[in-house]
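For clarity, chains are labelled A, B, C and D in written order, and residue numbers in each chain start from 1.
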């Protein structure tokens, strides 16, 4: 009865900053939830809203987009553009009915292993709270807490 | 109506002069449609066609859709070489400016014949109001802020706001932002615009909203009328037609339909002028404008950006400010 | 010619269900072109299945989709089937990723075939370009395996460059066959190329096979076909003496899905093999 | 022949009776969009508003999307499984134009190869026609040999005679159904007379006409007239409304989906209005919009008649009524030069 559901999170990490942060977290043996699947992207500006929606359609419970801090982008402005895109996507999909917790963004530099751990933990816990992604299931979403109970 | 007649006269005259003096090669306007209470786009190089140009409360199409040389996936539009004179209402005008911002059309190839727009009559609303289909109505006459609808020989009067499109009721800029010739006097927007806000889904839970869209998009047949009628959907190849990777199955299942429309609307951020053509053209009546208007309001809220206001301004998504949307990022 | 074929193809059961086939061998023809040898997984069907040169099939990679290719092997050689394709899109890319032993779907054979009864006792002029040799190759081997039924045989084949020549093993075999006049040409040769250079239609004009009691069978890219017909006419071939096979986008392969029409002709159902006389009388110039 | 009749108030009972053997489809309004939808078991309110559906009844036989079969990749290789099909449907209220459209579609799905999805549905279905007393101003069925009140393409034909429907048996299938149907009254001569009067009136209400004489010849001589087709196509936005919602358009696409070693092959509606429809890697025979518009018109009025001796248009007017730019096929046909 009691399902062993674990949130599945996909992370699009910029290869210059956030991916380095994740790497550092690993090499410095920090613990973070194993629920994240990481996809390395050349820049947070590479993340198309399509990626986000496709991940949700494929059944991932949440999406994390992470790039360099404002001003630190390897390509000067990629993360600023990503910010506009993410803001619009997140807010718009919220209007369509996708919980805002499922789409998360962060700025994590290559040295911020601690922040990476923190963000992934928080996001994962947030997803645990709102329950599994049933958005694209054929049948109407039943009581989401039912599965968790 | 009288003022329409005058504007129409002037339009025919100006269009004729433009063709005659070789200032443009092509006129894009409206002519009477083949059905009662409809008009249809008139795209012509022939001066003889110009006495068919009309201005009335049914000139609904956003003619800017014909401007980009290439429209849709490998889909060539009419051969628009040379200079074009185009009839534009407020929203159409903003779509044109938006196309100029996106480098899809050059301002100096255009002569914009601006129409100060008092709002267009939505036949679906008239049908609902009278309980009759369009072809069963005898007459629809607009008189200022009233409309007189005649059914079976019997005339009834209604406030004009009962029959105008929602986007017209909520329109902020009924007079084109940019024009070469303005036909008539600039008009003011409606004082009370809340009826046109279209945020029909505020105040219900995310689950209920998703449920709503799931139900609506079950009906979608993926005819792509919403995309093809939209002046801002000018991609040479739409993402739904990509095959490697294939983002979406070409089959009309609600999951794919919904995703298509979500991404299409995101692509419209900063381009959509809220002309409402997507919703009007939808053959299965999906309230698409609820989505596009939300996007319209969102970009205004987040970035204080309104589409198609200044032709020299950079497009929304190519630009950024140092300080914005900060609370959305961890 | 089409009406009689139609009843013959009447299929039983669900015509859209593919047979499971197994890839037995893969030959790299050019950097983008591969030939697959394949066979029915169900061994019973290997004997039951029959086809004729010029017919095509619908091949599928499960989960990716279906695509249309002719059967490039000869019906006279029954131990396996072959098809040849260039990687250009989703399905062809997926096919190129498959290895020996992989399973594909196949349904067919569909369409009409080269008119063997018309060719018998005639001089045959095969004109092919690039991967367009695939359907011709089925017919050429068919003819060579019944060599005594036919008169002189000319084969004029060309490709853009030596590297783009398909079926080099066949070209060698035909070149070494004393009963075949084989001419191979490339648009532009390289240092090691010792053969002819020039476009296929030009070379055809130089070789100038006689139109007397002859049939020309042409297949290649549309641009080559368009330039080849006038040359053949100049050499004295009448439209009835020219045969070609057309290519269109197809999905169903059986005249229902609509997209392969040229006027009232469905290429999948009424073709793909036509004489130039037939093509000339089409309503539409959309071929 | 003696006909039956039924009071409109008893229609629910009749449908209920039929629902024991058939899945009943009636005109229904989902999100303001009329289509043949599953009957809820009681409501006959559609009689008040129903003129014709937006989505044509072809959708009940060639659905917008259907699973052709499922496949699975296991240790022993691929296996294929066919879906089970529900065949016994009764469609109530089909209009004569749409009845004809299905007869037209039968040609293509029986030609050369029997279509294993469309035909079983067709064979299992009963069409109950309902005469059209209030044609739209877009209707031109009478120009195509169809009368809005009469049909030979359905199994039973109903005519509104005021408070009652006259029921005529058209086909053997309809006859069999009537034999199993209880509680119907015999129609009187008076009823029949009133019905034929209604039919005549309906026929006269169709005022829109096209001239089908010499049409094929005119299209042939105009075929290469690029200027004409470009002008005609200029305002078309190349969406799929007129083809998807045409009751006789039948073009489809086939595509695959696979998730975790399990997948399905789908067939869904496709349209000659889309450039991708004919696009090949190297070229596209109908790249230009005017070529695609020409294809649509010629297919219906020239190519299809050449193959099957019937125009693939029923004059239902959906393509005119629903077009967002008011592209009117009657104008295109009426203005053909030559």
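Assume a contact is a pair of C-beta atoms (placed from the backbone, for glycine too) under 8 Å apart; a residue touches a chain by one contact, two chains touch by 3 or more.
All values reported here derive from a predicted model rather than from experimental measurement.
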More contacting C-beta pairs: A-B or B-D? The answer is B-D
Between the Cα centroids of chain A and chain D the separation in whole angstrom comes to 47
Cα centre of chain A to Cα centre of chain C, whole Å, reads 51
Here the gap between chain A and chain B, centre to centre from mean Cα coordinates and rounded to Å, is 36
Cα centroid separation, chain B vs chain D, in Å, comes to 31
Where chain C touches two or more other chains simultaneously, the residues are 89
Multi-chain touching residues of chain D, meaning two or more other chains, are 253, 255, 257, 270, 279
Contact graph of the chains (line, ring, star, complete, other): other
So the touching chain pairs work out to A-B, B-C, B-D, C-D
Residue set of chain B touching chain C in the complex reads 243-244, 246
Interface with chain C, chain D side, in the complex: residues 68-69, 71, 73, 77-78, 80, 82, 108-109, 111-117, 220, 223-224, 250-258, 263, 265, 267, 270, 272, 277-283, 285-286, 291, 295, 298-299, 302-304, 306-307
The residues of chain D that touch chain B in their complex are 30-33, 51, 54-55, 64-65, 136-138, 230, 233-235, 237-241, 244-245, 253, 255, 257, 266, 268-271, 274-276, 279, 284, 287-289, 320-322, 324-328, 330-331
Within the complex, chain B is touched by chain A residues 49-50, 53-54, 57, 70, 77, 80-81, 83-99, 104-107, 119, 122, 135-136, 140-141, 144
Within their complex, chain B touches chain A through residues 201, 206-214, 239, 247, 255, 258-259, 262-263, 265-266, 269, 291, 294-295, 298-299, 302-303, 316-318, 320, 322, 324-325, 328-330
